[in-house]
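The same chain A turns up in both complexes below, where it pairs with chain B and then with chain C.
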Partner chain A sequence: MDNIQVIKEVTIEQGKVKINGLDFFHDESLEIGPFLKCLYKKLDLKYSKYYKMDYLCKLGFLASEVLLNGENDILTDSDDVAIVLANTSSSLHTDVKYQSSISEIPSPSVFVYTLPNIVIGEISIRNKFYGEHMFFVQSTYNKTELLDYTATLFASGSCKQAIVGWLEVDMEGAYCANLMLCQKNN
Partner chain B sequence: MVYIAAHNIISPLGWTSEENFQQVVSDKSGIKLCSNRNISDSDFQASLIDEGVLKQKLAEHSGLENYTKLEQLSILSIKSIIKSVDVKSKRTGFIFSTTKGNIDQLHKHTNPSDVLLASCAQKIADYFGFTSKAQVVSNACISGLAAFIVAKRYIDAGLYENVVILGADVLSKFIVSGFQSFQSLSAEPCKPFDTNRNGLTLGEGVASLVLSRATNETSSQTIELVNGAIRNDANHISGPSRTGEGLFRAIQATLKDFKSIDAICAHGTATPFNDDMESQAIYRSGLATVPVFGLKGYFGHTLGAAGIIESIISILAMQKNIVIGTKGLLEQGVVSDINVVKENETKEITEFLKLMSGFGGCNAAIYFKKHG
Partner chain C sequence: MSELKENLKKQLIEQLNLEDFEISDIADSDALFGDDGLALDSIDALEIIVLLEKEYGIKLDDPKKGKDIMTSVQTLSDFIESKR
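Moving on to the complex of A and B:
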C-alpha cells in the first residue's frame, strides 16, 4: 500500500471526537443517541435527511462531515472519491429494532436501514459522490487490510481520493468510528 | 488474467449449475405460491428450496447437524467445486456475499454472535480449513457482483492465486415482511421489463464459484472476468435514480471505450422503477440494440446470491451460445427502447455484461469474455 497517503483521520469513541489525534469535541453523554445529537448541534448542520437515519448512518454521516470539513480539494459531484467501510455488527442494532416491529406493523423506513451499506448511500447523497464503494463485514478492525484494498483501487485508477475506515454500532448501541481521508501517493 | 475455474448453484431448480441451466432453458421456474407461515402470515409467491430435498441431501453428508440451513447449503455448494483447489493454502481466498446471513436465527437466540456475518463466514471457512481470512461483502443486492470484483482485485494485486466466492441468503419472516412493507412484492410471479410488471418475487439460492489466475494457455471456452466496477446513484437510499446515473457510470467504468457487447444479463427485478432505470442506463451506454435478458422469472430475487447465480447461468449461456428468454416478459414496457429478449435465441456470445443494482443507491457491472 505504498501508493496511499492518509491525509486526515477522524476517530469517534466514548463521547470523544478526535481529528488527527487531537481533541475536537467531547460530550459527557456517553450513550449513542444523546451523543450524536450533541455532535450534530456542534457541527451546526441543517440537513433534514439526517433525522430519519439510523444510528449507524448518523455516526457515519457525522464522522464524514468532520472528515471532509475544510477539505475543499475533494470535489463534490465526483466519480473519483471511493468509499471503503467495514464493521463487525453489520446493521444488527437496527435489525433488532426491525425484528421487534414485525409482529405489529413492519416499517419500510426501518427495514431499509437493515443493510450496512446504506451509510455509504447517505454519504454519497450528501456529497454527490458517484464513485467506487464497498462495505466489508469483519470480526475485528484491520486498518491495514482496508488500506490494502483501497490501494488496489488507486492502482487500477478507480479513484483519486478515498474515505476509508470503520463504523461500528453493536446490538447494545456501543459505537466507534475511525475514518481516514486518503489520496494517491505520487 | 482471472478466469472462472469451477461453479455450483443450489436452488429449487437443481443442485448443480448444469441442472439449473437446463431447467432455465426449458422455461422452468422455481417460483410458486407458498404458504409457509414461518416466513409470511399470508400466502406469497417465492422460489423456496424444498426442506424435504435438503434433508435428503444432508443425509448423504454427516456432521452438518449443528449448522444453520444457510450454512448447510453453503457447505454443500462449496464441497462440489473445490476438488481442484488447495483451500488450506494461504494463497486461496474466501469471500462470502450475503445481505442478511443467519438473520432467521435472530428470534431464537439472544447471543448476537449467532447472527454476525463474519462468524457465519468463519464457520463455513473452518469446515473446509481455509487458512486465509474469510472476507464478507454486504452491499445489498449487488453483493454477489461485489464479491467477483473484490476477488479479481485481490488476484490482480497478487494476494491470492484462487478465490472461492460464495453467495447465500435464505428467506425468513424478517426479509419477506420487509419487502411486503415496501409493497414491492408482486401478487403473481414477477414479470421483468413487462408493461404490466408490478413488483419483485423473492427466491432462495446458494451459489459458489472459484476464480483463478491463469497460469498457462487457456483452454477452449474459458470465461475470463475482464473487469468490473461499482458506482453510486448519489440520489436516494431506497429508490433508483430515474436516469440510471450510478448504473450508467458503472457500465462506463467497466467497459471504458469498449462497446462490442454480445448480450447483457440485467438485474431485472420487475419493480416499475428498477427496470425503467436499467433501460435508461443501457440506452445511455449506447447498448440499446444489444440483447438483454433477466433471470428473476426463474429464480426470483435471491438477494446476496443473485449476482453469483445469475453470473453462472450467464457463463453457461456464453459457452452454449444461447441468449436466454426473459421468463415473465410478454410485452416490453420500459421507458427507454432497449432489446429485451422474450424467447431463447441462438447467438455467438463472446463479450458479456452482467448488471445489478440495490438499496443504498449501489450499482455494479462486470464484464466477461469467452476465449478459444
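Moving on to the complex of A and C:
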C-alpha cells in the first residue's frame, strides 16, 4: 500500500464527530434522527435532497461533507475520485421500513433507498464525482482490506483520490461512520 | 385557505419530507415541479400518486393527465374536488 496516503479521517459515533481524532462536534442526542438533524444544522447546509434521504445516506452525506470541507485543492478532477465503502447491515434499516409499508401502499421514496450503495450516488451527485465506486457488505470493518482495494484502483490508474471507509446503520438505528480521504502517492 | 388545500400542503410536507417548508410557505399556485416553487422530482410524483390513493381513495387512471393535475396545490385540489 505504498501508493496510498490518508489525508484526512472523519469518525462519527455516539453523538460525536471527530476529524483526525480531534473533537469537531458533539450532541447530547444519541438517537440517530435528532443527532443527524443537529449535525446538518451545525454544518449550515442548504440541500433540499438531504431531507429525502434515509439514515444511511444522511450519515454518509454528512460525513462526506465534513471530510471534503476545505479539500477542494486536492480534488482536482471529478473523474479521478473513487468511492469505496463498506458496512455490515447493508440497507436493513430502510429495508424493514419498506417491508412494513408493503402491507398498505408501498412508498416509492422509501423503496429507492433499499440498497446500501445509494449513499455513494448521493455523495457523487452532491460533489459531481464520476469515478469508480464499490460498496462491500462484510461482517466487520476491515480498514486494511478497503485501503488495499483502493491501492489497487490507484495502481490501475483509474483514480487519483478516493473516499474510503465504513458507514453503518443497523436495524435499531445504531450508527457509526469512519471515512478517509485518500490520495494516490506518486 | 380551504381545508382541502391546507390538508394537501400538510400531507405534501409530511409525505415528501419537505422539512424546509411550512404550510404558509406554499402558495396555492406555486409550481410543484421544475426549478421554481417546491422543485419536486419524479419520485415525489410517484409519492403524490400514492398520497391521492391512500388519503383520498383516488386512482390516477390516465397517466397523461398527471402533469396537469400535479402542477400546483390548486390543480391537485381541483382534481380531488372533481372526483368527489
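Going forward, the second predicted complex is superposed on the first by the 182 of 186 C-alpha atoms of A that agree within 3 Å, B and C clash if a C-alpha of one lies under 4 Å from a C-alpha of the other, contacts with A are read in each partner's own complex, and residues count from 1 in each chain.
Assume a residue touches a chain if its C-beta (ideal position, glycine included) is under 8 Å from a C-beta of that chain, and two chains touch if they have at least 3 such contacts.
The structure presented is a predicted model; accordingly, all values stated were derived computationally and were not measured.
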Clash or fit: how do chain B and chain C relate after the overlay on chain A?
fit
Touch test for A:Pro108: chain B only (first), chain C only (second), both, or neither?
both
Residue contacts with chain A in the superposition, chain B compared against chain C:
B
Reported in degrees to the nearest 10, the CA-centre angle with chain A in the middle and chain B, chain C at the ends is 80
For A:His133, decide between first (touching chain B), second (touching chain C), both and neither.
first
When the two structures are overlaid on chain A, which partner does A:Ala155 contact: first (chain B), second (chain C), both, or neither?
first
So in the superposed three-chain picture, is A:Tyr51 touching just chain B, just chain C, both, or none of them (first/second/both/neither)?
second
Once the two structures sit on chain A together, report how near the CA atoms of chain B get to those of chain C, whole Å.
7
Could you list which residues of chain A make contact with chain B in one structure and with chain C in the other?
105-108, 112
Which of the residues in chain A come into contact with chain C in the complex?
48, 51-52, 104-109, 112
So, in the complex, the side of chain B touching chain A is made of residues 99-101, 103, 106-107, 112, 115-119, 122, 133, 135-140, 146, 150, 153-154, 156-157, 159, 173-174, 177-178, 180-182, 229-238, 245-246, 249, 253, 358-362
Chain A contact footprint on chain C (complex, rising order)
15-20, 39, 43-44, 46-47, 50, 53-54
Quick check on the complex: what are the chain A residues that touch chain B?
79, 83, 88-90, 92, 95-96, 98-99, 102, 105-108, 111-112, 114-118, 120-122, 124-125, 127-139, 145, 148-149, 151-153, 155-156, 158, 170-171
